[in-house]
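First subunit A sits with subunit B, and in the next complex the same chain sits with subunit C.
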Partner chain A sequence: MEISNNPRPNDVQPTALRRMTFIWMFTMLTLFPVLLVLGFFMRALQANFMSKLQPEWFYAVLTLHGLGMVGIWYVGSMAGVSYLLGRYVRPSLAISKVAFGATLLGVVLLLACTLIGRMGVGWYFLYPLPLHSKGVWPPWATGAFLGSLAVFGVGWTLWSLDLLRAIAQRYSFSAAMAWHYLKGRSEPEVPPLVLIVTVSMVSALAGFVAAVVVLVLYVAEWLGTGFTNDALLMKNLTFFFGHVLVNITMYLGVAMVYELLPAYAQRPWKTNKVMALAWNTVLFLVMFAYLHHLYMDFAQPHWLQYLGQIASYMISVPAAVVSIFGALVLVYGSRMRWNMVSLLLCFGVMGWAIGGVAAVIDSTVAVNVRFHNTLWVPAHFHTYYLMGVVLMILGFASYLGEERGQLAERMGLTKLTVSLIVVGGYGFLLMFYYGGAHSVPRRYASYPQEVAQGAAYARLALVFISALLLGVLLYLWDTGRRCWRSFSVSS
Partner chain B sequence: MPQEQVFYFFIVLAVVIATVFVAVGWSTRQAREVHSGPAYKLRKFFFVGLSVIFLGLLAVTLPRTPYSAEISSPDRIVHVVGKQFAFALSESPISTEKEWEEGTYAAPVEVPAGTSVEFRVTSLDVNHSFGLYSPGHHLIAQTQAMPGYVNRLRVRLEEPGRYTVLCLEMCGMDHHKMRAVMDVK
Partner chain C sequence: MISTMTPSGAGFRNLLQIGILLLVLASPLSAQQNITAASVLPDEGRYANRPFPNIVAQSLQRQRFQLSEIWREKPVLLTLVFTRCAGICSPFLMSLKSAVDALGGLGSEYRVVVLSFDPRDTPSDMAALAKHIGVSSNGDWIFGTSTAAEIERIAQSTGFWFRWDAERIQFDHPAMLVGVRAGRIARLLVGGEVLPVRLKEVVDELRGEFVPAYPLPGRALFRCFQYDPAVRRFKPDWGFLLLLLPGCTALFGTFWVFHSARKTPDDSPSLSP
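After this line comes the complex of A and B, so read on.
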């Protein structure tokens, strides 16, 4: 299979890197259906099934589901780009192992504080909620929660730094950022993967710095020193970190599409001036887009609110014009080899586009005042997450399974699997969107009478989640056996 | 209801995007050469078109934010204080936990229809969110209730009936039960 920007005669990566990537994918794909079932559980509670269960379980599971999903797809995208970067540079296997160990430890702490400690603070642990348990979670759970975030942060920061180090060994910073393309030069050739990973890792480091500051400020108050934090500052730091992390996951998924899709379309997709300009613009705008999370904090300086809307609108232009349009042109009229990998990558780009539209709508201040913290919010981020970057990463995992082509793909099974995922996924999302349009709040263990229709939407969502879950299980079975065979061959 | 209009607008755009993707996928049934010239022209058109649309939307929507001074001098001021897991609404300032507790048991605040109200919203513990629902149970306005800050939300309450306040920021185990009411006669 010919790959664009072909740097090495043999695309298959060294055995040790392949093995580590398989371990990452195995871990991620084991946790995925578990976290999906937790999502089913929450919608079942909202549908008034299991109504005798204490509501704190809903919030604890919500925390585990949210942080778990954000975490597994972040490491999944990092593992994917690390593997593909191996075509050009040499990321450290040792650092990947350190990140893996940190991730496992963080997961154990997270499981303990949510499922044993019943800590229910959401993925964003908005200050000062972790310090106000109302007797639901014990102090050790707060410590374990902050500890898990610290462990994730250390492991993932090291991993990000290592990818930048690996890139720097072959490309200068200006070359990796493709600045020479802006001056009209195309030498040295920089693959889009390298450009996007560089942009993403620089953003990631900025986000991790904010996360460290948040954790330090939390610990300072938690230790009972009498120090009290500023709620607005903590909110800005938290959403900056959270928004950047989620955006980066998306960009890393897109980087994999840039790297893999050309081989299936049998056309090149190379860095050019417009692409360089677009991704450099993204690096700048991603620093300000998070501000849309704080529109309803009227105490925030108003110019920051306006900046948030402008940045949120403008960041979608390079994404839509360069990456989404570029993917469509790449595929249009090509000799496309349709299979599980290419279908998932293309549906992933489509989910990014549709979710992006919903996100831009919600990033309009005048609209946000009627949509903020309704079901519209999980609707749009599940669209570009579940139907976007998750499909891209699942596409990458399938690519691992077919890289050595040991088991032939059954196209009938592939079509059934993808159909179940797409129909189930979008049906599930539609219930979120419809609920948001009818003012149903998000993050409610059960619905009060004013928004009681939310329970009916949740029941319908359960039908679609069941189809999605079935599709995911089929995917895991099929991809799992193909990956296993491929792994056996490479070991 | 504006939310429904936004929903259907989004659905139309989503269907258009899905149709484009399906059409592009379908085009691969018959392979053909794609010349870069027309593709670049189309991309330029797409870029300019999208930028113009966004700039137009910014020009139309930015003056309509809830911070703009559409209501320069409100008829009434209502103090709102959130605390796990109730809101207290009062036309008198609430600054202590005792006043908050009394406020949670007090009779609902009542204003005449057409009154412009400034809600001064804060919290005594964690972040909450003051979500104001119309008598028809549509979310009409909201602002965060944040410890250490007072957010001022100005709304004209035209429709008579009972308005419900729901907490829209996750605040603990009984977040979904946190509420208050006020009446517009």
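After this line comes the complex of A and C, so read on.
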């Protein structure tokens, strides 16, 4: 099936790249339901269904669930764009394998430090918590945790550099950034995928450098040299890394939408002046938007807080006006071919839009004062993640399974699967939003009497998570068998 | 945390140490001494906002009095010394006097209470110390003594400690200044020298003003910002450069990749506008 809207010199991706992409997808789709069950477990704890369990388990699972989800979707999106990028440039297969090995090693270390060591610092591992276990987790768990981050960081930095290298072998930097479109020229043609991946990889490098600095500072203190860190500096660096990582995962998901959706709408979606301006602006603003994570830090100078507010508002404009509006225009009135891929991609864009609005609300200082530590926070990031980029990546995995068209899709099953995912997902999110709007705090293993309503919301959420889990299992069964068939043919 | 490390953890950490050592060689070997010193200092974070014990003390001027009689009228800066100290006590009090003189506000905004933790000291000894410091004529400097039990209550509430060193025939103890407002610990300043700028932060807190940031004792080499209470502004510090590092490195790295990449021939030609 003709999918892309752009000319491509390397039309057929090498079989080896295709096989590697399948391996990435199988790994990701294996870990996804496991991590989803861990989310169910946490909400069950909050619903007081396992009140005898030590709360340390909640925080250990919170850490594994958070880092695991962020990690698998990052590598999922990277694997997806690497494959699609193969239409235009040649990413290195060896580097992809190195990244895969590093990811597996990092996952093993992460599993050890959380499930065996019971390290419970959250995915944001805010300073100085990892250094002060108070006997809850052993010192080796801190080492394994920092080690896993280091291994992830090395593998993923190499992967990011390699995608940039691959792009650089065909495009100059100004071409890859589509600067000539800003001057009114449309030649040479640059696919949106190349533009977005370039922007994302530059941002990713910045994020990974921030992570390296954080890790070095952590280890310097951990070694007991007497060196202590500035908590404000550590928080700035940690959220710079974390926010950028999550943002570029979304951008990479959107890049896949740009690349795949036109074929289903049977219309082209090409780079233009507005798109070039939007994504260049994103590269600048993404460096400052993280500052909204530090609104509650009164030691942060006011001018940085203002900068965070402005950047957070402004960064939503390129996304909303160009990508979301662009996707709507692309689909509206088109002869859309609806199937699992196009449905998931479109629902993914919808989740990105809804989560984005919730994020902008929370990034407003006056609102953040109330919402900062409530369930509103997991509500918004689960929206643009679970119902946004995750659906986009699942859409890509389905595309991979149908690309060679070995097994026909059953639309009845597709509709049921997507309905369960969407209804279950948004019902689960609604409980987060409702809890947040009613001041139910986040990160509580169990709710005290003052916010006992949190347990009731968690119980309702469990019903919706069950529906979501069922939808995901149906997806895995249906897409999995088609991917496996396609993988077997590739082999 | 370090002292609770298990043998298996130690092995893992040693491996990491080798890898990281080069990056942290800047930390001097003498740092170990600083850990020892820093680890025994009263920890402000642990005691701030806790109730301060309303002990009974005595001085030559006031005879017997409760601390609450003083803090009900004005906030109190309180410190513990002993008159036979051959070490930090006198320099510390001189430094405090100098900072108080520079800052002003004594009597109108706060009072200073200096108590002895040495059971041998008498109110007369403390009066002599006040004279030595040059504040005996100032009624807002209150030098007094108390019972061992009452002093122990203060020590328990603030993390202050003192231990007799028979070899030196001296007490070993830290230098500490406690800011008490309405019976609660507002601030706890630790260290042998009282700088006017640090004392201003404490007095501002005693007045009920919000002081957004101040440095804690320790060896944080890279701070994002320093807060200057004199002008109430933040100034970028060395750590701020570390915040700029990721963006700058990414840009330079990207330019390097694009500059050094060999363009592929034929089927995927270089595209330059």
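Here is the rule we use: the second predicted complex is superposed on the first by the 481 of 491 C-alpha atoms of A that agree within 3 Å, B and C clash if a C-alpha of one lies under 4 Å from a C-alpha of the other, contacts with A are read in each partner's own complex, and residues count from 1 in each chain.
Criterion: a residue touches a chain if its C-beta (ideal position, glycine included) is under 8 Å from a C-beta of that chain, and two chains touch if they have at least 3 such contacts.
All of these numbers come straight from a predicted model, not from anything done at the bench.
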Item to complete: Give one word, clash or fit, describing how subunit B and subunit C relate on subunit A after superposing.
Response: clash
Discussion item. Just to be sure I read the superposition right, which of the two partners does A:400 touch: subunit B = first, subunit C = second, or both, or neither?
Written reply: neither
Practice prompt. Figure out whether A:298 sits in contact with subunit B (first) or subunit C (second), or with both, or with neither.
Written response: both
Worksheet item: For A:483, is the partner it touches subunit B (first), subunit C (second), both, or none of the two (neither)?
Response: neither
Worksheet item: Once the shared chain is lined up, is A:190 touching subunit B (first), subunit C (second), both, or neither of them?
Response: second
Practice prompt. Applying the touch criterion given at the start, work out whether A:132 contacts subunit B, subunit C, both or neither, answering first, second, both or neither.
Written response: both
Practice prompt. Determine, under the contact definition given at the top, whether A:170 touches first (subunit B), second (subunit C), both, or neither.
Written response: second
Item to complete: Classify the contacts of A:390 with the two partner chains as first (subunit B alone), second (subunit C alone), both, or neither.
Response: neither
Practice prompt. Look at A:230 in the shared chain and tell me whether it touches subunit B only, subunit C only, both, or neither; answer first, second, both or neither.
Written response: both
Worksheet, complete the sentence: Only one listed stretch of subunit C (8-16, 26-34 or 44-52) runs into subunit B, and it is 44-52
Item to complete: Return the residues of subunit A at which the contacts from subunit B and from subunit C coincide.
Response: 132-133, 230, 232, 298-299
Discussion item. Under the definition above, what is the set of subunit C residues touching subunit A in their complex?
Written reply: 1-2, 4-6, 8-10, 12-13, 16-17, 20, 23-24, 27, 31-32, 34-35, 38, 210, 212-213, 218-225, 227, 234, 239, 242-243, 245-247, 249-251, 253-255, 257-258, 261-264, 267-273
Item to complete: Spell out the part of subunit A that touches subunit B in their complex, as residue ranges.
Response: 54-56, 59, 62, 120-122, 126-129, 132-134, 136, 230-232, 235, 274, 296-299, 302, 305-306, 309-310, 313-314, 316-317, 320-321, 325, 328-329, 331-336, 338, 346-347, 349-350, 353-354, 357-358, 361, 364-367, 369-374, 433-434, 436-439, 441, 443-448, 450-451
Discussion item. Which stretch or stretches of subunit B touch subunit A in the complex?
Written reply: 2-4, 6-7, 9-11, 13-14, 17-18, 20-21, 24-25, 27-28, 30-34, 39, 42-43, 46-47, 50-51, 54, 57-58, 61-62, 64-67, 84, 125-127, 129, 131, 133, 137-144, 146-153, 164, 166, 168-177, 179
Practice prompt. Could you please specify the touching residues of subunit A with respect to subunit C in the complex?
Written response: 9-10, 88-90, 131-133, 135, 138-140, 143-144, 146-147, 161, 164-165, 168-176, 179-180, 183, 185, 187-188, 190, 201-203, 205-207, 209-210, 213, 216-217, 219-220, 222-230, 232-233, 236-237, 240-241, 287, 298-301
